[in-house]
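Chain lettering (A, B, C and D) follows the sequence in which the chains are written, and residue indices restart at 1 in each chain.
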Amino acid sequence: MVGLSAINPQFLYVCAGIFLFAIGLWGTWLHAHYVRKIISLNVMGAGVFLTLIAVAYRGEHLPPDPVPHALVLTGIVVAVSATALALVIIRRLEDATDE
Amino acid sequence: MNLLDGLWGVLDLLLVAVLLLLAMAAVLSSDRRRSMMLFIVFGLVLALVWARLHAPDIALAEAAIGAGLGGALLMATLRRDTHQQTDQFPQHPVVLWGVGVLVMVLGTAIAWGLFSVLPTVEQTWRKGAAVDAQLAFSGVSHPVTAVLLNFRAWDTLLELAVLLAAIFGIRALGYVRSAYVTEVAFSQLAVWLVPLLILMAGYVLWAGAHSPGGAFQAGALLAGAGILLRLAGYSHAGLPTTRWLVRLGLVAGTGVFLLVGLGLLGWGQGFLHYPIAYAKWWILLIEMLATVSIGMTLTLAFMGGIPQKEAA
Amino acid sequence: MILDALSVLLLLLGLFFFVSGLLGLWRFPDTFARLHALTKADNLGLGLVMTGLLFQVPDVLWAIKFILVWLLALVASAVNAHLIAVFLHRQQEGHDESA
Amino acid sequence: MNTVLLAVVVVLALVLLISLLIMLSRTRLTDRLLAVQLLGTLGVAILLMLAVVMQQRAFLDTALVLVLLAVVVTAVFTHRQRGGKS
């Protein structure tokens, strides 16, 4: 238990973020269906956000750096806007190929 | 003390394990619906991670958008009439593994690069923090507040502009057919939930007035109400049926924001440089309109565009 | 001190219900039985955890909000369970065989 | 007391992990839907615990939003759509 306190949360979450980015990149690259590409792209984005927030984290007793937080907040909004547009385009594409 | 740190360490490990498992399953699963469900749970766990990393604003945004609205938008692409919902990878397994290795090598390279610059970055930040602390004590918090408000206004304005661009794209695709069957039992449930969602949106907006964030999260809640109305059989999801009103609603947020900014400019202030005394009220007003715009935009995104007039 | 003890007791009870919900999800043979076990278990679990936390909150405003979250969670989970049950029912009648 | 609360959070996170594993092992859609519900409730419980441990009232708002929008997501997911048999 005490050995586990040696884990640096910043290191752990930065690594997790980069791993998410890598998985997302893989999926975006290889999936054939567009919806799956979008999901993977969002996982990739989450990886970037996690890396940024983990870098901003300064331990339990110090407040985190606010600038990456603002970046990520805006990033989430931009990501959801782009996702919404892409999903509507995909729906129309499927409708068009059905008929 | 050490025990507490140890517990945080275990929690971190568990959260990261759950997060990575979810992401891998969501990307790798061959079933599309399953992938979407996993992605929604991924959003939920991500919200927990934001909370744990002292990012309450981002946790709220993630809960509203990542786990909530984003999931609903994804689900809207599912159609029951297409039976083929498995997504097999067309590539040869060698390609799959090869790209996997490549991506992991890239990830390692990024990690290596990042960790080699991180110490210097941190040092700079430590200095920055020291300056912040001094400013706070020397009574010049006024310009800092002004800068912060200013910065935040720009942020919100540009977010709104991006969202407006997205809705222009969606509207450009024309009208949609209605895609949902009305269920009577469901409409009764919706009647219960819609006011709750709207009330909650109002609350989140009000709470956001004295801490960053608010409009987007509140807008997502409004859109949730719109989606429920749509599912309950209201073909316009509670949006006005007159077209110009819809258009007005969609641009209201960005429009009023710009007008206020330009007005302040003409009045001799900086662009979006609110007089400090009224800043809170200006922000509340603008964010209220922004919330309406965002809610309408996301509802329209869920429906896939403006609904066609239904043949009665 | 007594409040703390009460808190711990309620939290442990809540944990017990969460774990039993987990067991229900794992072992119960039929999906309707699982739905039943799960909804009961996780509602009670959340309720007990919240009640346990009520003794630890710093002021009344917190307590009010806690109770609000609880009430909303109850409403939401009732609606959720209903929706899932209807969905299940529809599937078993074969109206919607794609699921 | 904080140590005890955090220990409870850790157990809840463990339950979260196990229910995720159960969810991944299931093949039927409805079983997975149920697992998602359990995961959601666990998430809310963890968030509330963290709110007290970290003294952040904002997490309670997050929990509220999570609860309300989860219903919207379930509604979208379980709703019958045009097409199919009709």
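Miscellaneous remarks
The definition used in the following text is that a residue touches a chain if its C-beta (ideal position, glycine included) is under 8 Å from a C-beta of that chain, and two chains touch if they have at least 3 such contacts.
Remember, predicted model here, so these are calculated numbers, not experimental data.
Annotation of chain C and chain D: jointly contacted by B, touch as defined at the top. Pairs A-B and B-C differ in how many C-beta pairs touch across them, and the larger number is found at A-B. For chain B, the chain with the farthest CA centroid is C.
Chain B and chain C have centres, each the mean of its CA atoms, that are 27 Å apart. Note: centroid distance chain A to chain B, computed from Cα atoms, is 12 Å. Centres computed as Cα averages put chain A at a distance of 19 Å from chain D. With touch defined as above, residues shared between interfaces to two or more other chains in chain B number as follows: 3, 7-8, 10, 54, 57, 69, 76, 79-81, 186, 189, 193, 196. Residue positions of chain A with contacts to 2 or more other chains are absent. Residues of chain C found to touch two or more other chains are 72, 79, 83, 86, 96, 98. If you draw each protein chain as a dot and join the dots that touch, the picture is not a line, a loop, a star, or fully joined; it has some other shape. Of all possible chain pairings, those that touch are A-B, B-C, B-D, C-D.
Residue ranges on chain D touching chain C, taken from their complex, read 1, 4-5, 8, 11-12, 15, 18-19, 22, 28-31, 33-35, 37-38, 41-42, 44-45, 48-49, 52, 55, 57, 60, 63-64, 67-68, 70-71, 74-75, 77-78, 80, 84-85. For chain A in complex with chain B, the touching residues are 1-7, 9, 11-16, 18-27, 29-33, 35-36, 38-40, 42-43, 46, 49-51, 53-58, 60, 62-65, 69-70, 72-74, 76-78, 80-85, 87-92, 94. Residues 72, 75, 79, 82-83, 86, 96, 98 of chain C touch chain B in their complex. Across the interface of their complex, chain C is touched by residues 80-81, 83, 85, 185-186, 189, 192-193, 196 of chain B. Contacts from chain B toward chain D in the complex involve residues 3-4, 7-8, 10-11, 14-15, 17-18, 21-22, 25, 33-34, 37, 40-41, 44-45, 47-48, 51-52, 54, 56-57, 59-60, 63-64, 67-69, 71-72, 75-76, 78-81, 177-181, 183, 186, 189-190, 193, 196-197, 200, 203-204, 207, 211, 217, 220-221, 224, 227-228, 231.
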